[in-house]
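What follows is one structure encoded as structure tokens, with my remarks underneath.
First chain written, first letter: the chains are A, B, C and D, and each begins at residue 1.
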Amino acid sequence: ALPIAIMAGPCAMESRAHALETAQALKEIAERLGIGLVYKSSFDKANRTSIESGRGVGLAAALPIFAEIRESLGLPVVTDIHEANQCAPVGEVVDILQIPAFLCRQTDLLITAAQTGRVVNVKKGQFLAPWDMANVAAKVTGAGNPNVMLTERGASFGYNTLVSDMRGLPIMAQQTGAPVIFDATHSVQQPGGQGATSGGQREFVPVLARAAVAVGVAGLFIETHPDPDRALSDGPNMVPLVEFEALIAGLMRIDAVAKSLI
Amino acid sequence: ALPIAIMAGPCAMESRAHALETAQALKEIAERLGIGLVYKSSFDKANRTSIESGRGVGLAAALPIFAEIRESLGLPVVTDIHEANQCAPVGEVVDILQIPAFLCRQTDLLITAAQTGRVVNVKKGQFLAPWDMANVAAKVTGAGNPNVMLTERGASFGYNTLVSDMRGLPIMAQQTGAPVIFDATHSVQQPGGQGATSGGQREFVPVLARAAVAVGVAGLFIETHPDPDRALSDGPNMVPLVEFEALIAGLMRIDAVAKSLI
Amino acid sequence: ALPIAIMAGPCAMESRAHALETAQALKEIAERLGIGLVYKSSFDKANRTSIESGRGVGLAAALPIFAEIRESLGLPVVTDIHEANQCAPVGEVVDILQIPAFLCRQTDLLITAAQTGRVVNVKKGQFLAPWDMANVAAKVTGAGNPNVMLTERGASFGYNTLVSDMRGLPIMAQQTGAPVIFDATHSVQQPGGQGATSGGQREFVPVLARAAVAVGVAGLFIETHPDPDRALSDGPNMVPLVEFEALIAGLMRIDAVAKSLI
Amino acid sequence: ALPIAIMAGPCAMESRAHALETAQALKEIAERLGIGLVYKSSFDKANRTSIESGRGVGLAAALPIFAEIRESLGLPVVTDIHEANQCAPVGEVVDILQIPAFLCRQTDLLITAAQTGRVVNVKKGQFLAPWDMANVAAKVTGAGNPNVMLTERGASFGYNTLVSDMRGLPIMAQQTGAPVIFDATHSVQQPGGQGATSGGQREFVPVLARAAVAVGVAGLFIETHPDPDRALSDGPNMVPLVEFEALIAGLMRIDAVAKSLI
């Protein structure tokens, strides 16, 4: 199996300057570590807990910035989409279209995303079993696009809590053949856990990331931010950018052992 | 508190004749029982487990049929919507716009539905706690529409199983002031439980409906079909139409006692 | 089906005077309501969250008090046991031996309790499915004692929370033929939810009791105390004695309707 | 942190010959790998799903065999106890007394086990949160015995399923300072999942063991048997003895990396 790759970046795009600066820093880290990295950021947080929360710069402002990151830095880019009519314009400037977990069963969104020809990364719904994702992946491949990836981000466990069932990683890989990613950022989310916002437990990102890598995954999804406590979204569970390189370096060492065992 | 009302009909609209026939039968039952009834049917099953499953007649074919049911039978009508651009046209012919559980946090969908001025019935996500629905309701009321209803349809409980926490019914009512409906049909669903389709346990519809009515609800959502085992969708958890009247009559008797106690 | 009976009393026996006073009050309530009542109290809280919590008067002190309640008031008595060697002495003075939920799979305890010839009431473990209780009941009946009862008291739902699946009540009844009781007190417990003690939500006792009675049960288990906030154990989820009669009277009205429907 | 140690052996003691043969094989594996190993076997399966299932050789027959394994092979020994009166006799011949998960809150059992002076290994109840184990550990240490270990073996996740929350491992370690063990055998159990017996998923033992070791644990608990499909108990989730050495060798390599990172 290939070494892990990384999908990383700030949860929400905050500005052109912020995006380019973070992408540049991540590109340098990836080069130093010799790891594949896809830049991730959302142009719209379309399903925030509360209507009071910020949503990001929006589609129109974001697309040229994604294009600039791809061209000037040579980094591939991933972002999430929420309605079928976003697939075509977004698909023109990003490498991977990501389907949010809540929307992972919306047939039209999956098919329209598939029809762009871009890679489609589907996050597993918090309400689904790992084996349920075979039907989800089939909606993409059935639309003629074999490039589907699946991402684990925790399952509902009582109220306002998620749990990561590590058995789900090999189950999804075996049943679909798709690359399986572990999202260590949202797996430590506490949905709605702070009343009008979701809480998180940043200190468990490395814990669950180590576990997933030891089990064996194609890659990790880890949001990072220069100053998480001032981030527009998901601050409680983003890793400070200054800690990112050491975290990934350690995970690469576990990955090397794990891939030699499986 | 007012006596319960009922939202009922076949899960998916199958044809004009099928819709009118079922609506006529339900209207007669409601008149005999002296209960308020809203006719429910979906024009599109937009998030089926598998891409192989049927989806319904579609928006364009369904709207005139909903209009006909309203006009010829005088029944109010509810149906669910999946993308923001469906709100305006559907809002012109139905009384209640329903937000599916998976989509209950999609801000644009909630706001656009609210802006139609129609009643908005939001199903509680399987991944949410009852208290999380206060933020959801606020997205609708914050858009200037006070007519929001909330519907319980079960919470994720391990894999391929839902559980109905009856405490959630008064919690949602107290926190939002909105009418709270119990969906006895989807609460007995076994999501993904038959591989490429969701299973269900029709025999528990009356059980959970009795429990919810005794707790105290504004209404019930119960799908019914003349021949559930040949239904396009959700057959395993729909009540046969022939059993519907007796079921509701019994529930009305429990409701009368419960409302006198609360 | 027969009308509901009630198992009620303070969680822990606190003193002879306290026990007799509470039993007398409950006897009078039961007579006024015309309902069967079994007096419940524990002589030892053998599995408290923390070692700092009180445990009760102990077996030796409690047995004469149980005997006195039976003889002077004519009330049947139930108490819980924790090790096999308690079955014989306790069985001599009580009518029903109760197996705590954590211990519901301990084969020796079940068999020894069965061998006393007393009724054995087994609480369903928070870690079991309703259908798992058929094997549990068979351990009692297989030891030659057909008088087994099963009590639902909530299932684990994430951390520090229980949920009551109302489907479990008819499932247990149908699979075993045993009378099924709903424990409305411990079903609203929040295990470990206050750090060194378990929390509770007393306000949901009537809510869940109404639900269970509407589903159809043989009886209810509801702990009550003259002053719950000063109780030795389970204060947060006991019903104040002063509210008990009205609560039961309302439940009897729901029961009468529900039993006529099932 | 120290390298991992292993608690291993057949779930139930089947005979003297079987025990000595397995212990000898495990001793040789441990010596080749340079890892600490404690021999584990149960003399009584006191809480089997069904009364029809085998229970083991019993206390009286087992104690001399444990003594023989300790003396002739020099292996430390662990076994589980079920009632307080077993603590003293069992404590005379084993190194570690293990408290079963169902019994982890039984105060008398914990205190009596503590009073033997032996190490006490408490399995975390399927119904407890990781932070709830601080109160459990305090029952042992409060009885004057600082030598307490805590073992994770999965949390209830819906019906007939367990899930392993890897965050629980560091939480328990940080809150108690106790060595934390991951039980990879019972974490893949499907309680009651085969009707009258518990099922299991042996293929996930290495998966979850790799995850736990990468997170960081003091040791692993892995049951192994020369012929699991003919084992008296827990066959579906035991590792065949012939695969044991390679499994542990791989886990030691992950452990070396993980311990260098934490």
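In this text, a contact is a pair of C-beta atoms (placed from the backbone, for glycine too) under 8 Å apart; a residue touches a chain by one contact, two chains touch by 3 or more.
As the structure is a computational prediction, the values presented were derived from the model and not from experiment.
**Student:** Which of these pairs, B-D, B-C or C-D, matches A-D in more than half of the residue pairs in contact?
**Tutor:** B-C
**Student:** Per the definition at the top, count C-beta pairs in contact and tell me whether A-C or A-B has more.
**Tutor:** If we tally the C-beta pairs in contact for A-C and A-B, the bigger total goes to A-B.
**Student:** What is the Cα-based rotation angle between copies subunit C and subunit D, on a 0 to 180° scale and rounded to a multiple of 5?
**Tutor:** 180
**Student:** Using mean Cα positions as chain centres, tell me which chain lies farthest from subunit D.
**Tutor:** B
**Student:** Using mean CA coordinates as chain centres, what's the gap between subunit A and subunit B in Å?
**Tutor:** Taking the average C-alpha coordinate of subunit A and of subunit B, the gap between them is 33 Å.
**Student:** Which whole number of Å gives the spacing of the CA centres of subunit A and subunit C?
**Tutor:** Centre-to-centre distance between subunit A and subunit C: 48 Å.
**Student:** In subunit D, which residues are in touch with two or more of the other chains?
**Tutor:** 155, 157, 159, 163
**Student:** Could you please specify the touching residues of subunit D with respect to subunit A in the complex?
**Tutor:** 155, 157, 163-167, 169-170, 188, 201, 204, 207-208, 210-216, 250, 253-254, 257-258, 260-261
**Student:** Within their complex, state which residues of subunit C touch subunit A.
**Tutor:** Within the complex, subunit C touches subunit A at residues 157-159, 161.
**Student:** Can you tell me which positions in subunit C touch subunit D when the two form their complex?
**Tutor:** Listed in rising order, the residues are 46-51, 55, 82-85, 102-103, 105-108, 111, 125-129, 131-132, 135, 138-139, 142, 155-156, 159-160, 191-192, 196.
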